[in-house]
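What follows is chain A paired twice: with chain B in the first complex and chain C in the second.
For the complex of A and B:
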């Protein structure tokens, strides 16, 4: 039997992989070595000029990256805590369990852009209902979108509201799949609810938690639509994230070559940092 | 004999007077949009278009989102389809993506759209992909009425690439019921020792706006504020900043560039004139409505047009919106030239020239062109000509949300506006304001050079940082000037100089 035939069966999958993954990455790398923009509409070769510019003369990208790190880490931590709490709540035998499960999932089922437009209307400082409501209690007006510090927290609120259900869903699935025996053993030993959570539930949930956190970190690090609709990166550059900055450079200013440089650099940084985060989380949360 | 003569004269006169109306009614019955004027005879009138036959052909248009420019595009597309039998596909795109949506296929040598809408300052980047407007349209009657400034804006080196459908400039809008109110004039004088009047300078503007900020001065039970301005980064705020800068930096004694020194191509945007304007603007964050620092154009139109502020300055839309019959401040607003300054920076003597200076800003506006690679160029130009025909134009300019603003000499007649319900003195002040801008010899035109987007974005980011308190005005503009130098080096100083010279010639009244 000629085993070389087996490679023929690999071609379709390989072809799709090259088409949708390898080619765009190679094209991005090639584009990043060009000066393609509105006035030089060609894939010329300028070497590593764009990379030199990025590492020596573009503090805005790095500022946006650190801002992104803060936003994504803080939103994912909050989503994890709230999502875990909600999952624990409906994991137990409570009334209207099914109703609550559906209710908690609604934010995730809505369209992010449309919901962000609604949130923006809520938070509109002079015309929105939130400040109007707070005004009845003598509070405000709070500059939800136009104060550089508060605007960051507004973005966090919207992101947490939108994506906590995703965390809730993953963690609930994890809780439902846990074996019953360790809990029975803990109950026989007379462990309190708190001790059961710390010594049984949490350790058993660690692998699922790490997976959920990493998935959400990957998603959160691409945060773009919320920032785009809610604040446009403002006030000033206070809520500008890496992906929004890359969008500005590529599709607003039409610096395609430079935007490709930013994208590729960003991809490399994310691969490295997420790998490190996954390893650290595994070390911290999973005990041999 | 005399009686017969008189009767004949009366009959002929009646026919002459009423025939256009009868003629107009034929079309306005089918197209209520033009009910106020009926069809107006011309090369691209409803009557003329009805004689064209584009059955079986499809016209593809990329325009802005509804309503601003998107709504009239779709409306006239529907009318055009009915008249000519053509199929017209209209795609709506957010403002920020208009440039890229056309530019990507342009650069790839494709023409997914026959007609592309954008901003007039795209002209330098787009012109190599656009079909020049054919001579027969350039020479037609409706084009002869377009003001020279707007012909200049739509053209490059004497060749028209953009079909004029809109005319834009920034000017001051104010609440006439407050500024002209004797009670408030007395109170303002008593409290500040100064006259309450239409502000002549940005400093006066700031003082009055601060005084009328955060209290209910129109008795509607809600607080009002000083000023609504476009301050949101990436939402045309750079145009608002140029408007505020013109009075301090456009010195008629120093021709040769407002944004750059044409000779050396040194960016001028961090000179003391611009810094003074940005300092004023940072001060303005104290008298805008809560959240005003994040106002885009739509917010500004809604805020001033909804009666929330005393002042505003930007495009016509907020004024026209305020003057619409359903507006709470209908016939309570006034128009005036942009405020000036009592000093202007002289870059040659490196000092301030004392004395009043004012400079109108002919900001970019909506522009539209036909793709060079389009296979339906004739139909595309006919559509644009129909869009801007006299009947459509007169109807469009009276609807604030359409974003179609005056650009024809005929628009500068008060009667055009009183016919749609404006008070005579308001209509007069409006047309006088626009006409004076046309006459001014110290005008600023938008930057139209290779990399325009990069220059404006760098400036907007820096100004936004200053408004948000992240940087001082001087530091912010120094940062922008440094970035402008970098962009110049990337694009090539000579490339930019060559293109910038066209705009400077317009500013220096040499074109």
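For the complex of A and C:
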């Protein structure tokens, strides 16, 4: 089928999207070559000065980037393992199957910032229930939000709570769409549950797993809301991610030009690294 | 062995359920507390640990002038922005997805897959990268701090999701369906509108729900691009987080903000159990 009409279907969406995005992208690139800040709020041209500053004199950005990589990769791995386990558990018949499916989905329907506000009271070091309950067992008090190392784990806990359901949903939808024949064949061969998983379920799920992991990595690389409310990047810079650092530079210190440089560099790194990760995962998980 | 496995399985499921439910239970309990029962020591069960009060819920509907929080207006703002942006994204996204699923496009080295990837890849864009230029863009055209400005921005967030789900869905709707309609004398628009669309309702519902979820839960753009004229729900709730924290009204407003979408969890589960989602989400 080939019609002139095909453009009528495609173009409204395509051009609305391009129309909304083209200005911000060109503007960011242009802004990144300027020295726009609160003293000189104008679009002057200072060449690649900002980029030189970023690559030679800004360890804080690179630290925030590695922190972001650590946080997003570790949360996505945890989400994948837990999400897969949960999906397998409610895939076949168990008691209250539909009840548990709904429960496991609920966190992804809740607004991250709002739940983080609740988590913040939950992990409050003197008035929160976690330290209180642990105190009854003689543990703690644990400095959930003010210890630089533990604060990272608090962020991970909240992120895992929030987004494991999304992983669970994608994987369960995948499991439910699998063909029945390979499982019958494995049952006839008398394969154990473990062998069935390793030789049948997991390979069949590989393409779906890769899709789910990449979607989650894309979303996790934008971690911002949680950090913003839970720790504001603190204590010190212990939980500061790239987005948050750009936010501080751009909208708190009003170094717009430099923030645009950071934004553009960050976007390019993101696109390159996600493409590489997608390629590597495909190689690792699909063995023909 | 089998018994041990079963035991571990149920233990895990129950522990995970407790983990999911815990913050909600805590919020429900906190929303009925007063200053005394929040600040003296940690309390859990109403009547047993503390005397419950409705103050936390009452301030939600009071006007700010009388010491209230007034989340009614932000609530309707959030509903308006989310629904409008979702609707526009679904309409434009579905049309584009249909084109990408049924017709072949060629322009230089660009093929269908590249166009689909272009749509979906917009999700990679970190909000912070867009927020600064959007801030300046919207203030130039006078849409800063307005509902319309937010709708424009949310379309960028939501249309990729609509295209992602609908392309896969249309790929599963048999092509013979529209071909038969065309032979029967429909033009391509009629074939799409009268034959394909009615057969795509499950896909449209799933795409719609995802748009609504990702629109409703956004905080960052609303936070950067609006100030006083227009406030969305998440911004309003987070604003309560500052200064002296009134945990009771904070918990009450948080609960009431997340409540509507919990219904979505039931709908998603229904589609999942009927097997409709498996096609739409791969």
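Everything that follows uses one rule, which is that the second predicted complex is superposed on the first by the 272 of 288 C-alpha atoms of A that agree within 3 Å, B and C clash if a C-alpha of one lies under 4 Å from a C-alpha of the other, contacts with A are read in each partner's own complex, and residues count from 1 in each chain.
Methods note: contacts are C-beta pairs under 8 Å (C-beta built on N, C-alpha and C of every residue); 3 or more make two chains touch, one makes a residue touch a chain.
Fair warning: this is a prediction, and the values are worked out from it, not measured in the lab.
Legend: residue contacts after superposition of the two complexes on their common chain; A:176 is shown touching chain C, with no touch to chain B. Of the two partner chains placed by the overlay, neither chain B nor chain C lies in contact with A:48. Looking at the shared chain after the overlay, A:221 reaches chain C, while chain B stays out of its contact range.
Chain A has more of its residues touched by C than by the other of chain B and chain C. Of the two partner chains placed by superposition, only chain C is touched by A:271; chain B is not. Touch criterion not met for A:77: it reaches neither chain B nor chain C. When the two complexes are overlaid on their common chain A, residue A:251 makes contact with chain B and with chain C alike. In the three-chain superposition model, chain A touches both chain B and chain C at residues 251.
On chain B, the positions that touch chain A within their shared complex are 96-97, 99-100, 103, 106-107, 125, 225, 232-235, 289-294, 296, 303, 308, 450-451, 453-454, 457, 461, 464-470, 486, 490-491, 495. Only residues 35, 37-39, 41, 57, 60, 124-126, 131, 141, 143-146, 148, 231-238, 248, 251-255 of chain A touch chain B when the two sit together in their complex. On the chain A side of its complex with chain C, the touching residues are 1-3, 5-10, 12-14, 16-17, 20-21, 23-25, 27-28, 31, 82, 85-86, 89-90, 94, 98, 100-115, 117-122, 127-129, 132, 161, 169-170, 172-174, 176-177, 193, 208, 211, 215, 218-219, 221-222, 224-225, 228-229, 242-243, 246-247, 250-251, 256, 259-260, 263-264, 266-267, 270-271, 274. Only residues 5, 9, 12-13, 16-17, 19-23, 26-27, 30, 38-39, 41-42, 44, 92-93, 95-96, 98-100, 102-105, 115, 119, 121-137, 152-153, 155-156, 159, 163, 175, 178-179, 182, 187-189, 192, 213, 216-217, 219-220, 224, 233-234, 237-238, 240-241, 245, 247, 250-251, 254, 257-258, 261-262, 264-266, 268-269, 272-273, 275, 277-282 of chain C touch chain A when the two sit together in their complex.
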